[in-house]
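Shared between the two complexes below is chain A, which pairs with chain B and chain C, respectively.
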Partner chain A sequence: TWGGFYVVGAYKMSDSAESPTETQKEEIHPPPDDSATNDDKKKIDVLLKAVGDTPIMKTKKWAVDKGRTVQSLAQFISRFLKLDATEQLFIYVNQSFAPSPDQEVGVLFDCFGSDGKLVLHYCKSQAWG
Partner chain B sequence: MADDKDVLRDVWFGRIPTCFTLNPDEVTEREAEPYYLLLPRVSYLPLVTDKNFPDVDLLHCPSNSVVEAHFMSSIKEADALKHKSQVVNDMQKKDHKQLWMGLQNDKFDQFWAMNRKLMEYPTEEGGFRYIPFRIYQTTSDRPFIQKLFRPVSTEGNPHTLFDLLKEMCPDALTKDGEEKRFQVVIHGIEPLLETPLQWLSEHLSHPDNFLHICIIPTPTD
Partner chain C sequence: MSCGVLDEEEFSRCCQLLLHHSDSVGDGWSWEAVQSSDEGYLKKTVLRSVPADQSITQKHKESGSDSEQFDYCRFKTEEQGVNGSADSLRPDVEDEDDCVCRAPGGSSCSSVLQFEYHVLYSCSYRTPVLYFRASTLEGRSLTLEDVWNSVHPNYRLGLQSRPLDAITQQEHPFLGQAFFFLHPCRTEEFMKPLLQMTWDQNRPVNYVLSWLSVVGPMVGLDVSLDYVTLQQPTV
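Take a look at the complex of A and B:
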């Protein structure tokens, strides 16, 4: 009999993670033509929105690697906003749920993206439970 | 239907006989004996293994609340797919807590008293908006496949497990005349590929409301 465990993804703190590339505010970066061979090389467009009194990102639109995790993106936002290392950052999809930190942004885009982008809200405190 | 409700119980009370052995690289004063546990299929490893358990380095879960947070985020993500989050958002915080406590304490009735709400849908729709699923392939680099997929076709026909696989990982399906290379496993069994996906979602989902589907190479023993 095959048996399996429901494994919760590990909280990996990766400081050497590459930063997402900044797109132009006006236009959306089209994916390169040769990216079809490797899904992970593709980037998706993410729009970051601040909640409550959380500082607003000067640049809101980012092209992010599909394979990038929510945790990695949260760390990037924290560093960009120069938040304290002890301060938590919560990320939300559809203003309704906080995805698991090990979830890939590409999957979130496929399932919850609209108008060619994934809108993520970020907050220093729990906004939607 | 009485038979369908029995499926919910069978899934909930499924167990996996497990044997943990100490890594041979670990040096101990006396020989470490293997550790046996009957693990509930639907539970999480940190909830089941006690504090004296030899360190299992699969994940970092410093407390139960981390597991709870993960569980609730899965429930909410599933409902975002099924009901645009309307059902889970209409529930009170104590209802969410009841889902978790039911799972944590292995209380089927307590859990399903709440979970049944997440399994409802408008009759005229014929099913959920999208089916929450994850397909795991041992032969793939990706952690899993998760995409949008409707339980009913545009013509109004129920989609089956076969339809899902054909769309998401057609290589897992056996072509005519070929030997069967892969098993499609949910909760340790191979459901018939013609099973309606909506039915699978309602009855064979894990407590987190996701259908976790494993594609494994057919054993050659």
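Take a look at the complex of A and C:
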């Protein structure tokens, strides 16, 4: 067995995600940051698509801060899906490429966004056993 | 490509495509042929500066800005050519000050390490495998613990929780020297749904590139977005 690499499951999950509501599109709010500038508040639309046996998120469309990293988003999704610590979550752009966890979603949007949104595929994998 | 694995011919083909792009942007990958045959592996050498006092602490923050997590900087060896834009610098990553090499004896960038990454084909797993080794510029090989101290903080916890399974020391199949390697036993499993998705969408994919984009960042190997954003011929 292999410990895997995305430590998403091993970290304490972020508490910054808001509880989902019934609206079409949700926002992912970072914790209060008094150094936020106008740029930090810009959000991009992200459409999350499940791959393989990964559970499908009830809410697929999210407005995400441009500066949010892939790692941060992966943690959010893991928490949303209630993945346990033995499950790792991967995120892909262009359906085939895993961006660096430190990559900002805003950059991904600039590179891969179309029709005003960034499509990201996510996939969980059993890391243990 | 099917069922999450690939045969050696496909591996070679994928590597050549990756090399084609690497050559065009000076990303530093090379192909090491084995005994003048078609067999071989990809190789890349990178210099990284690691703070000597970098401890194994969780540096993750939950805010949107994660740039403060990067407190080491990287730069390329001379052999790879000088093409600053080829490095996969991300605008958020480093505080610019940290990218400037401080004078020897400076408090932050106190050790420069050379990392060598090799991508080989595993006949038994039918997947690529990532071998790597690291040494100081004086030639001292890094221990496994040293390697872990230089792994990005985001990955350390996960890797160290299953140390025997994730990174182990292994004899390089061609060089006969001690390398570290990322165990390939999970590769098929995470590649399979990815490949299935691309097949369903009739979308061409470079297995080696996709795989490398997943495993590379774990051990400090950047795979630039431009491998995907610049149009590439496909397998």
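Throughout what follows, the second predicted complex is superposed on the first by the 88 of 129 C-alpha atoms of A that agree within 3 Å, B and C clash if a C-alpha of one lies under 4 Å from a C-alpha of the other, contacts with A are read in each partner's own complex, and residues count from 1 in each chain.
Convention: a contact is a pair of C-beta atoms (placed from the backbone, for glycine too) under 8 Å apart; a residue touches a chain by one contact, two chains touch by 3 or more.
None of the values given here were measured: they were computed from a predicted structure.
A.B. asks: Looking at the overlay, what does A:53 touch: chain B (first), chain C (second), both, or neither?
C.D. replies: second
A.B. asks: Between chain B (first) and chain C (second), which, if any, makes contact with A:97: first, second, both or neither?
C.D. replies: both
A.B. asks: Scan A:65 for contacts with chain B and chain C and give back first, second, both or neither.
C.D. replies: second
A.B. asks: If you count the residues of chain A that each partner touches, which comes out higher, chain B or chain C?
C.D. replies: Of chain B and chain C, the partner in contact with more residues of chain A is C.
A.B. asks: Applying the touch criterion given at the start, work out whether A:111 contacts chain B, chain C, both or neither, answering first, second, both or neither.
C.D. replies: A:111: touches chain B and chain C.
A.B. asks: Taking the contacts chain A makes with chain B in one complex and with chain C in the other, which residues are shared?
C.D. replies: Touching chain B in the first complex and chain C in the second, residues 1-7, 9-11, 93-94, 96-100, 102, 104, 107, 111-112 of chain A appear in both lists.
A.B. asks: Looking at the complex, which residues from chain B come into contact with chain A?
C.D. replies: 16-18, 39, 41-46, 58-61, 66-67, 69-70, 72-74, 76-77, 79-81, 85, 88-89, 93, 96, 130, 142-143, 146-148, 183, 185, 188, 206, 212, 214, 216
A.B. asks: Flag every residue of chain A that touches chain B in the complex, lowest number first.
C.D. replies: On the chain A side, the touching residues are 1-11, 39, 93-94, 96-100, 102, 104, 107, 110-112, 129.
A.B. asks: Which residues of chain A touch chain C in the complex?
C.D. replies: Touch list, chain A to chain C: 1-7, 9-11, 14-16, 30-31, 33, 40, 51-54, 65, 67-69, 71-72, 75, 88, 90, 92-104, 107-108, 111-112, 121, 123, 125-128.
A.B. asks: Residues of chain C touching chain A in their complex?
C.D. replies: 58, 60, 62-67, 69-70, 88, 90-93, 152, 154-163, 165-166, 182-183, 185-186, 189-190, 192-194, 196-198, 201, 203, 205-206, 209-210, 213-215, 217-218, 222-223, 225, 227-229
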